[in-house]
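A single structure is presented below for examination.
Letters A, B and C mark the chains as written, and numbering starts fresh at 1 in each.
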């Protein structure tokens, strides 16, 4: 095990949505490499509380990489330097003694800052509400095995459904585009027979809502997928584009 | 007040069917005028909110997270049980019912559990229809696995992310209703008080966590779907925000709390690595299918695990429970690990861990693979390499997770694991309708006490949450609301709302005005330590009596010396935490009181005074075959008992030998 | 417009325009490169001049040229529009952004590369298209397009500018070629790897050929 380390943190502080905000520097000492990044923030906050200052607000909940709530932009990358993980899964052994770490909130017009590192991601909820579902009321369902679904399709749908809605794709994208998030949901449902009846309508409604929220356009840099903690594939975006074109050009109700 | 569980008359297998066809209905026009508040948006909350909105009720749903999709149901890994019998291996509704009652060590209500088993197949159908991508066989049919030591394959799963997929299904149904305007969603809102008017639940006070503003919301009924209270232990597999506040406020307003001491400790979690630890991570139970658990035979053995020869290892589960071996139920496996570590045989830096070793099965799989590939003269290294591939295919994501957290490679050395608090079987007392003793107040999912008795079986939590939300409450709420159709929405100017809001304001300003020296986490950790040491895997009279006193002391100190920074009318996570910990400090005491009064061992509740000669849990059915429902009475609690009658199952002592 | 209003109203539609016009321009580049490469025959520009004559007077080619220009203008305008729209989707910028960790610099710089290309194109059109199509300077007598090329590329500064322009083109294509297919919704397990490697080699080869032309004329490799 490597030794404990001393670090400098440069953290974005912003009291609320109206405040302009600025960076503040903090020193944390004796950080164990076994700590998670958020536990290091716990230590810092404990320090701030004992000094009587306001602790840093940051979103977090499950701390095991599945709820999608944690959202720090660390040293220029969403969820920090390691691939395929969320901030809560990032451990301090990825840093070294004497490092300066810059921590910022997700930046996008569609994700306004609430406080410090906390942003408002309800835009994602609204996109799902616009069409990210299959319209089936409770009790409507037939037997689960009545529609066979090939393992391949089920696996593709699952890989897309693994999205945790954290918003790292938006944060990473130079255009603050939400295409990876939106396409993951669209592609999950379009790979299942249950998703077919609403397929065209869904892609139109979700893309429309996405545009309304003020996310940028995709320019295929691939940053979203590279930074996605669940490694959602860019193929989803192409499939969504294809469906969207069909939904507008071919679908007679489009 | 006497406890009436309102179980319908008739034969066990006919109760629910008959109930459904005779329960009073609310006509669609009236539904539009009835408002329901759903607190929490996990499996139970989201499914209930969506289903009730589909029926036409006006629903408001609340969650403290930034989106309903974050609820901690999302973290469930293993799967969801359902009595589909797709595998033709003899499963049935009765068998699932029987396994659940037995697994719960005969401390659950027969009628509720039977209904749960009966509904379970519908849940799978509903989820499939919503687009939940369950694992499939090549032929396109749903895949099953066995789980938690049952003898049939009835667990449906989506890789190691079943909870996530089910929650996202319920979330999409919920968002659909939000989009249609049938549900109003209140993200980043926390319920801080229940409003009771003329003895009935009529609304809540919620704090908008962004602005800090207190809001009054009226409802004809209030549903508490806020999950369990495992975070009373500070360290648990629960999410950081998981809390008991909504349930606790309801309890303080009159709802009884059922079996609070029944806590489930999960045997396979990643051990604590230091004082900085903020939460514990579960390693799926499925790992025990291929991992063998052992400790060194010599206490304090500091050698590398690979340097300890086979005959100096103690495979203690296989030794103590030859029939079930490493697959004994969770409570048994957890206690056995604690016993070894307490006796000084633990491993790792902290000595509070045991090995979960895959090498044996890697070799076994490796040999099979070598045979398949026709490699007859493969040496051990080659075989091991092939075996690692098989293990990787099965558990790759879990191994990666372990490596990520510990920095050790579990392919080359055994995992270190230790039990951790995982689930709370206790919760608000509810009747067959899922209604608490407060009319109009319901509790669903982990927040209620009802279906798991003293120990929950693996893959049953998801089943219960969704059963309650999708298929039980839409019927049972009609029984109550059909009598409420004449009730016009009560103005939130009503004095009961004003008083409730004042209570909340008082607590908030009290918390902010202590201006002491110690942080909220400081007290939470202190409480957690007492709970873990004295009301954890093993409990005894002396420890519990001490714990009660210690908790009272911590609580006093908390109210005199806590430091809560920031203001009331702003986004203030410290203030949120403070309120939750204040409630845990009361709940913890009640848990100890309950544990102390229940002088028997059953399921997750192990009283050292009540064990067999071999050190196994010993139930006392003649004295404790009841649900302990605690009524809050100022600083004290009054005990009410609901007797458990087993008419369809013969009670027996559990044995896994 | 009906079915096609999405092209202007949605982010995906705008990208569809970029993709379609981009692929057309890629096709044009192949023809342009082929014709120009005829100078390497080293016959004093005879074959090249014949081809250039044909291109300048064939009705079909001239008609396509109009569409090509429309496509180019659309590509440029829509590109500029997207750059501004995308920049404004994040009004508060990051203090520290490690783009290299997750994407190629040229993928992130299509707007910049495109702008350089546009500036280059203006110069390029003035040098050759303007004189060959809109004035009577060329083809009236001994003054040929080949001759014009030799004249223009006698200036080392012009050669340098052309090479910079071609490098911008190379990187613009490296991203743009495969990106166009992605935008149009084509990403296939079997064919996309081929498209990607084809796009890669296409960008490299075309650019090298274009870069060698001014150099060859300047240094007298081709006479």
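Here, a residue touches a chain if its C-beta (ideal position, glycine included) is under 8 Å from a C-beta of that chain, and two chains touch if they have at least 3 such contacts.
The structure displayed is predicted, hence computed values, not measured ones.
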Inset, instruction - Find out how few touching-chain steps suffice to connect chain B with chain C. - result: 2
Legend entry - Chain closest to the middle, measuring from C-alpha centroids that were averaged per chain: A
Inset, instruction - Pick out whichever of the two, A-B or A-C, is joined by more C-beta pairs in contact. - result: A-B
Inset, instruction - Compute the distance, rounded to whole Å, between the mean C-alpha positions of chain B and chain C. - result: 61
Inset, instruction - Mind checking the centre-to-centre distance between chain A and chain C? Centres are C-alpha means, answer in whole Å. - result: 36
Legend entry - Interchain centroid distance [CA atoms averaged], chain A/chain B, Å: 26
Legend entry - chain A - residues contacting chain C, complex: 10, 12, 23, 73, 75-77, 81, 102, 104, 107-110, 172, 174-177, 179, 207-208, 210-211, 214-223, 226-227, 234-235, 237-245, 248-249, 254
Legend entry - For the chain A and chain B complex, residues of the former touching the latter: 1, 15-16, 32-36, 38-40, 42-43, 46, 48-50, 52-55, 57, 59-69, 85, 89, 91, 93, 114-115, 118, 120-122, 124-125, 128-145, 147-151, 154-155, 157-158, 161-162, 164-165, 188-189, 192, 194-195
Inset, instruction - Enumerate the contact residues on chain B facing chain A in the complex. - result: 47, 50-51, 54, 65-72, 74-75, 84, 86, 121-122, 124-142, 158-159, 161, 163-165, 168, 171-173, 175-176, 178-179, 185, 187, 210, 237, 239-241, 273-274, 276-279, 281-282, 401, 404-407, 470-471, 474, 517, 519, 521, 563, 565-566, 570-571, 573-574
Legend entry - chain C residues touching chain A - in the complex, by the definition given at the top: 3-4, 6, 10-16, 82, 85-99, 101-104, 107-108, 110, 175, 178-179, 181-187, 189
